[in-house]
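Labels run A, B and C following the written order; every chain starts at residue 1.
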Amino acid sequence: MMKLNLALNHKVGVEKNPRKVKNNIFTTLVIFFSVVTISPIILIISKLIIKGAKQINLSFFTETAPDTFVAMTAISNGEVIPGGILNGITGTLFMVIMAALIAIPIGILIGLYLYENPNKIYANIVRDIADILQGVPSIVLGLIAYIWIVKGLTNGYSALAGSISLSIMMLPLILRSTEETLKMIPISLKEAAIALGVPYHKVIFKVMIPTGFSGLSSGVLLAISRVIGETAPLMLTALGSSVVNYHLDKPTSAVPLLIWEFYNDPNMVNLIWSSSLFLLGFILTLNLLSKHIASKRKAN
Amino acid sequence: MMTSEKITKRLLFAASLIIVFVTAGIIFSLVGGAIPVFSEFGISFIFSSDWNPSEGKEEYGALPFIAGTIITSVLALVICLPLAFSTSLFIGEYFHDKKVAKIIGTLVDLLAGVPSIVYGLWGFYVLRPFIVDLGLSSQGFGIFTSGLILAIMIIPYATSITAEIIALTPNDLKEAAYSLGATRFEVVLYVIIPSARSGIVASFILAFGRALGETMAITMLIGNTNKIPNGLFDTGNTMASVIANQFGEADGLKLSALIAIGLLLFVITGIINGAGKLIIKKLSK
Amino acid sequence: MSIINLNIKNPVLSLKDLSVSYDGEKLAIKKINAEIKKNSITAIMGPSGCGKSTLLRALNRMHDLYPDIVTTGSVFLNGIDVVEMSNIDLRRKVGMVFQRPNPFPTMSIYDNVIAGYKLNGMKQKKSERDEIVEKSLRDVTLWNEVKDSLQKKGTFLSGGQQQRLCIARALAFQPSVILLDEPTSALDPIATAKVEELLLNLKKKYTIVLVTHNMAQAARVSNQSMFMYLGELVEYGKTKEMFTNPTDKKTEEYLTGKFG
């Protein structure tokens, strides 16, 4: 009797219930498409590692990019292409640090303003403007920095123009993350300081900002990681340079600009992989670092 | 005497003016730069498909690039839709709060970190030959390849918000459906999608807005021809890619035409992003 | 009209027609008149939303922080209108402790105690600072528990210890009044008992105003009690008398648990 029952149950379970079949197909599709979604990142990273890792050596970091004839000679002699991407690394760091120096203080101050005036109509307009700015394609900001700085100020392509275009990209990211971070701090902390008679500017700069420091730095890191791989706006502003440059008013290279140059030069095209691997590695490290800080903050 | 409170508040307000002036300045400069080409060709600049920079016979029209931008972005959206939606369900519902969902979520986030130019390289050296091998097109350049790479690029933007909204579906609603004997598929169809609908729509609109302005990867894959594309596997140009491509040798009327295209791009992305943000704002109320 | 069964001489705080509105129209507290006795504990009770916290926060002008809030009437501290005093002066003399323990998370235990001095830019010798910190921590019976970990972050302490640290932070200025806004609502019974014991000790040196939603707590620790309802001060009297023989019907109903 028992056996019969079990067998019957079993049979009912196996019977093709169209609803269950649909459900199973759907679940399979969800898993399948999810795997498809993540495969590009795995394919991209592995391609860069396979083709690029072997080219990364000490001179990659200490020498500037070779010119096309040197590269051609090396190729025809069957040698490794000499040189590195020092001019790109220094240019990227120079311009990104300049951009951060402009965008961080302004972004944090605006974030503070929004936090202090949550319901003002003007504050809502500022929020909307930040949203608009965040959606502006980077190439358009390149055009703007070209008009304002290249044409208007430095009379030619310059690191400053590149920095300005990057800083406009960073600004909305930093101010929104600042506001979100401050909102997460319990209001009673601010009140505790006020109740001690602490002057307003010290409440802001000595209590609120230090308390939100990890949130702010996570936002800043994320903003930097978003702009560090930008190519299009730099093509219109910094242009590129074959030497290491630290002058604000001179054309300057950057890692993404070098990748673009290598890509367009048949003699140097082999260098794209190592440069891209380096750039992606740098960005993903910043990304993960920012996430790590943010999640540690949440755990607290 | 000014108190520290007043000084600080003024400082914060002054900072907020910077972003207002920068944005106003962007609009002012784009409009100013676009005036020469609009005064030369009038509104037909938008509807003309002639593009001829040779001196004396200069003709500029933005239509091919507007068309190229919209076609590639719509294609990207269509490809991205099932992928991003499935991944969002994976993260926000099927494996919510499980380790595997965190791993998938992190990998999807990493997609957002890959620079456009690296997508371009990968598209050029991996995706394009693959398309040629499939016999879809002889060179592999064009609308389809661009749409495909764009789809990959916007997936993280669509997924992050959609997954979050799906995870927010009230548990009691889901449990009510399960208690009536619904399958998971039916719960997704009749509970999760209806309750998360506007959020999902908003996140795909925002992802679409992203696609409109992507530059480098498209520049490397679309084939850069200044005409209205003639099918999925034809070549073309987008508004962003034509600026990147033609900028180097531009001055005078041509520069003005490129700035005018930048202005159009600014307006279109502004409208799309505005619509997305508006829906999200209504949601959070 | 309020029923006031008290006659206080030389009050530390006097409230004259004190009203507060959050939107400029509806009053959250309505024309409160009362005087607070020196070196004693005055409890403010009432159901939630009755305005007890609003009243407390009016005493050290906490409402100034929010521009939309309108305060009318006045509060006199030792005969001086608090509006005439500078922020730092007022808040040195009137300390405040909040519902949830809120030590500054970026500061050590030591820095939390001395925070009022440091953040106001008051410079002292290290020996003076050490003395203030030790004395304040002894006052809240925390010294023996933390004297070996003064440089650790205050947020590592237990909830009850954190709240006592916050009281020490308020005591460091040697205020004449301490305002406590439901200070034990986030604490367990043992930590609550410790804080209550501490308050009974502190009233020898300080005047304490305690907002509590817990009638038993008011009965245990306070000398005088205010009962508030719908923004009005209904009854104010000696705690013992009020709990045994309330004058107003509403007070009686509240104290017997008919509502609240």
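The rule is short, and it goes like this: a contact is a pair of C-beta atoms (placed from the backbone, for glycine too) under 8 Å apart; a residue touches a chain by one contact, two chains touch by 3 or more.
Computed from a predicted model, the values in this text were never measured in an experiment.
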Message: Counting C-beta pairs in contact, which two chains come out on top?
response: A-B
- prompt: With chain centres set to the mean of the C-alpha atoms, which chain is at the far end from subunit C?
  reply: B
Message: Taking the mean of the CA coordinates per chain, how far is subunit B from subunit C in Å?
response: 55
Query: Any idea how many Å lie between the Cα centroids of subunit A and subunit B?
result: 16
- request: Please compute the C-alpha centroid of subunit A, do the same for subunit C, then give the distance between them in whole Å.
  value: 48
Statement: Residue ranges of subunit A touching at least 2 other chains are 199, 202
- line: Given the complex, residues on subunit A that touch subunit C span 186, 188-199, 202-203, 206-207, 210-211, 213, 300
Residues of subunit B that touch subunit A when the two form their complex: 3-5, 7-9, 11-13, 15-16, 18-20, 22-23, 25-26, 29-30, 33, 82-87, 89-90, 94, 104, 106-111, 113-122, 124-126, 152, 155, 159, 183-186, 188, 209, 212-216, 219-220, 240, 243-244, 247-248, 258-259, 262, 265-266, 269-270, 272-274, 277
- request: Quick one: which bits of subunit A touch subunit B in the complex? Just the residue numbers, please.
  value: 19-20, 22-23, 26-27, 29-34, 36-38, 40-44, 47-48, 106, 109-110, 112-114, 116, 122-123, 125-126, 128-141, 143-144, 147-148, 168, 171-172, 175, 199-202, 204, 225-226, 228-232, 235-236, 256, 259-260, 263, 272, 276, 279-280, 283-284, 287, 291
- request: Would you tell me which residues of subunit C are touching subunit A in their complex?
  value: 60, 62, 65, 87-92, 95-96, 98-100, 102, 104-106, 115-116, 119-121, 155, 166, 169-170, 173
